[in-house]
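Structures incoming, each one as structure tokens.
Look at the two complexes coming up: chain A is in both, with chain B in one and chain C in the other.
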Partner chain A sequence: MSEKVFNYSTTILAYLVLFFLLLPIAMIIVGAVNPAPIFSFPPKGVSLVWFNTFLQSKEYQSAIRVSTVVASYAVVIGLFAGIPAAFALDRYQFAAKNIVHSLFLSSMMLPRVIWAIGLLQFYSNLKMLGSLIGLILAHVMMVMPYVIRMVLASLSFVNRDLETAAQSLGATPRRSFLEITLPLVLPGIIVGAVLGFVVSFTDTVIAVFISGVRNITFPVRIYVQQRGQGLDPVAIAGSVIVILVIFMIEIIGEKLFKWSRFM
Partner chain B sequence: MSTGKSVWYKAILLSPAVLISLFVFVIPFFQLVIFSFWRYRPSSNIPEPAFSLANYSHLLITEGSYYLGVYWDTIRIGFIATVIVFIVSYPLSWYIARQKGMKKGILILLVMLPMIGGGMIQTLGWIVFLMPYGVLNGSLRELGIIQSSLKLLGNDIGVIIGLVQSFIPVMVLPLVTALGSINPVLEPAARSLGAGPWKVFFKITFPLSLPGAIAGALLVFLSNITSFVTPLLLGLGKVQMFATVSYTMGVEVMNYPFASAFAFFPMVVILVGWLGFKNIKRLIHSKALN
Partner chain C sequence: MPSSKDIILTIAGLYKSYGDNYVLKNINLDVYAGELLILLGPSGCGKTTLLRIINGQIESGSGTLLLSGKDITNVQCSKRDMGFVFQSYALFPHMDVANNIAFGLRMRKVPKGEIKKKVDSALETVHLAGLGNRKINELSGGQQQRVALARALVLRPSLLLMDEPLSNLDAKLRASVRVEIAQIQKALGITTILVTHDQVEAMTMGDRIALMQDGIIQQISKPLDIYEYPANMFVASFDGSPSINFFRVQIDENYSLISEFGATVPIQSFREYLKCNFKVTEVPEGEYILGVRPEDILIYNQFVNDHSVAKGLITYIEPLGSETLVHLKVANTEIVSRLPRLVTDMKSNDEVFISFRPSSCHLFEKESGRRIEFAQ
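Now for the complex of A and B:
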């Protein structure tokens, strides 16, 4: 009897917390379909007009473009730097290995705001404030921990005997790497890349501190709008689209790679 | 597992990552510390090199009442939010830990969604919900439950709500792992000895999950006290916390030396506190062994 009460209460509490957790996402959907230019509840109707406005809006589309460009470059460079680093961490010994490992993960561990202040001054000194390359490099640093972590996790699942077996059957080290190791590590690489892309795309703090007026990313655009003119239904509609895309990415990732096991 | 590779080979593998980390992270951080001892020059962005504690004295003494107040408010709000996160995460984590297969995967995806979506989007949702003619106030007014809107934005309440929701995933994910790693024979064993499910939870499950839970809670606390977008937008500029004041000092006023001191001082405190905590732990350990 007490068992049933316990189970019911924990299940209900669990779903209440989940409901609270997802409430803001439900709210932006409610806000995005409200046709009134100034939001109020109850709504006077339901409409998709703001989605259309968002897709036509030059400022928002430009912001989406900037965010996509920055995130893409950040991921590519992050993969280029992170994959070899992960291999080195997994397979080789070297001096100060722990420190180096922590260094790579540091942007994920330390508070972003403090890093942002340091970066602000550093870039200001180098006259790099507001530059695209500065923003991209900062985002590379943000993306790298995710790439390295996921590749390391993937590597831990790779049985080294497989490579030894392949080579004992006559494969060159290069071939055993390309045909055995790489395919096994690919899920980790893809998960790290996609996660890194999303982290870069949705970054607000670093971008707000260092991006200046020339390269306005999507979150910065929303931030400026919110601080300046208040709640903008176009921004809300854009956010709904972004969240939907992220959710689809999550589902695809789970179906293809079961990436929740990496979390 | 060294395979005798040369130093050069390892260096090549590591160098892009190391160079980027040094340039974009380590050096700016050191510059922040150094700048905190330099003097502010209103005319240019580059501060005057010096070795001066002027910024720190300004921070802690001259305007200490304000800035120490900001630190305190940040800790206070962060602590309250962390406690709430700790409590509400348990039922959800416990439930998820008990699920299997696809259902568990979907639940984890849902929990992760706000975290990956980012604070900016969540904050917009909260504004829609909490604003004077938003979903909450609008519904309550329609139902006649209240006459005038509840003031939930521009104060601690809205910020705490936002912070709690932002960081529940940060607590839930490690807690699910912690709960899942408890030896599966323990709970049935306790039940077979006659303990009811509540007793099993409080005497077996909860204590065993505590290390993971505390680690999660520390991470949540750190995230709370350094949060930027949530306090700024839900506080409507009226709630001053660590990150918002850092922004004002750094980006708006552009007083880099002072902003550095403001940002670096808490790190000193945390470092000292952490070292002290470790040493106290070691002391207690060695006393216990004797």
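Now for the complex of A and C:
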């Protein structure tokens, strides 16, 4: 096959894949602005009525609140645990370092449903099923690999000589950390935190298994709604809002830090 | 202002080991005010470790360090009055050139107005005036190195330490930057210790060279003395390209020198070839190593009675334009001779006679490798 034909085919293929990936999102947006109560294509018009209903709905707002609270706690705890872990992995040599590293990243490796089933058993034995703490801790476990990975990535940009140079110029170890290391690691921390937040906010599988009636997260709310009453345009409108927010965060991050180089 | 007889740095009895592995053994060194001292040696000899210990980046094992008479052995790196230029430059990527240079001044809480003046002056010294606003990643390798130098110099330290400053530059740049660094050092009169593995750099830049191997200082001398009067076989072969030629010789009870290529010469007669004059009776019999530099091996087409020392076979001729390297096999040894001319009268596989230039050969002890030195 000539090179030109190959290039064209690859480009067309790439666009096809992109189209396929974006199609569901496009469908959702169409469904959200369609004022008809049942999903239909082509849409009967364009309206923001479902968005309004969503913002007024007590159940959905509570679910958003729970998801935000859980994600925030998960990220904060994840940072407190993950940042020192990343530093230790980068700076020190110790026995079984590779095993420890894999262990920290393990929650990304296994399918989430496996974790969910395990947690179900585990929490059930500890009588923690349905508790907020249990949910938050499970999400910390999900968030940590993202934090560790991103901080490790930005640490690799910090040449060890940089801190030594700062000290040779009169900076105490504390000063050299604050002036040199921290600013260089901050992009990685922020990326890790934001990614972790999104991962926690959008988690359906684990939350469905272990969150009880008292702590219904947003994805669980939608899931329950769909199982119960079928495709609900209010849920779809809510989802569109979440998608838009995530999209905007991505754009802002790229503009401010060019964070795609970390991912 | 310290006079040139003042000693800025004294290292006494310094040892450093990692577990059982000694990387520095019994280092004793005095560095004089205003001099450029080179720490020279092959990789792994301990020169960079020594430099880092002087700066306080690595803890010393046992031994003392005195800076201008004050004991700094246990003083933290950040409190030592020294500047360090890293091989990797270690410039702070999130700051521009001016802020990099200003960093040390900020740590000392120098007022802002003064900082600006000193930074501008430092940029002038390294010929980078006006580039204060540039980002580090916009600079070429040569420019980055000057920023690293300016950053260390702006603090006017008592001692400047440089770790392989030229190794990351391309060959062409090295020659010019070498000269610039030496000029800046002399103009500021700042005592400097420079680490390198390149003998050309050492010979041209240094006031004195400390040649190291295996954690031990083999010799500290002026550059030409290292070449002319090497302390041992390692020093003799490290300095000089192509390296010195070694022959095994034996001195018997009749005080004759028997070489591995069969010649037996009474030492009395051989004396004229040796660099140092000595009393015949001072050399005990036994095996020795004779060292002759390539430029001191003379080649003749025919046997010339008084001067021919051995027969050789030419194996390879390398014409270098201004000089020619002739590779020969003499008895079982491969040697190299350097002739300061174009060679048209010889070719490979010719049988020739070699001789040594008077007062050029070195005699070394076989066991220790030490050069035999005698009273003049």
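Observations
Methods note: the second predicted complex is superposed on the first by the 260 of 263 C-alpha atoms of A that agree within 3 Å, B and C clash if a C-alpha of one lies under 4 Å from a C-alpha of the other, contacts with A are read in each partner's own complex, and residues count from 1 in each chain.
In this text, contacts are C-beta pairs under 8 Å (C-beta built on N, C-alpha and C of every residue); 3 or more make two chains touch, one makes a residue touch a chain.
Nothing here was measured: the structure is a model prediction, and the numbers come from that model.
Aligning the two structures on chain A places chain B and chain C next to each other without any clash.
With chain A as the corner point and C-alpha centres for all three chains, the angle toward chain B and chain C works out to 90 degrees, nearest 10.
In the superposed pair of complexes, A:Gln167 makes contact with chain C only, with no contact to chain B. Shared-chain residue A:Met128: touches no atom of chain B or chain C.
Of the two partner chains placed around the shared chain by superposition, neither chain B nor chain C is touched by A:Ile64. Of the two partner chains placed by superposition, only chain B is touched by A:Met27; chain C is not.
Of the two partner chains placed by the overlay, only chain C lies in contact with A:Ile180; chain B stays clear of it.
With both structures placed on the common chain, the touch criterion links A:Ala74 to neither chain B nor chain C.
In the superposition on chain A, A:Ile216 makes contact with neither chain B nor chain C.
Note on chain A: of its two partners chain C and chain B, the one contacting more of its residues is B. The gap separating chain B from chain C at its narrowest, counted between C-alpha atoms of the superposed chains, is 9 angstrom.
According to the touch criterion, chain A has no shared surface contacted by chain B in one complex and chain C in the other. Residues of chain B that touch chain A in their complex: 1-3, 5, 7, 10, 12-14, 16-18, 20-21, 23-29, 31-32, 35, 45-46, 88-89, 91-92, 94-96, 104-114, 116-129, 131, 133-135, 137-139, 142, 165, 168-169, 173, 196-198, 201, 222-223, 225-226, 228-229, 232-233, 242-243, 246-247, 250-251, 256, 259-260, 263-264, 267.
Within the complex, the chain A residues that touch chain B are 2-3, 6-7, 10-11, 13-18, 20-28, 30-31, 39-42, 77, 80-82, 84-85, 87-88, 91-94, 100, 103-104, 106-107, 111-125, 137-138, 140-141, 144, 148, 160, 195, 198-199, 202-205, 208-209, 219, 222-223, 226-227, 231, 235-236, 239, 242-243, 246-247, 250-251, 254, 258, 260, 263. Contact residues of chain C toward chain A in the complex are 55-57, 76-80, 82-84, 86, 88, 90-94, 103-104, 107-108, 151-152, 155. Of all the residues in chain A, the ones that touch chain C in their complex are 157, 159, 161-162, 164-172, 175, 179-180, 183-184.
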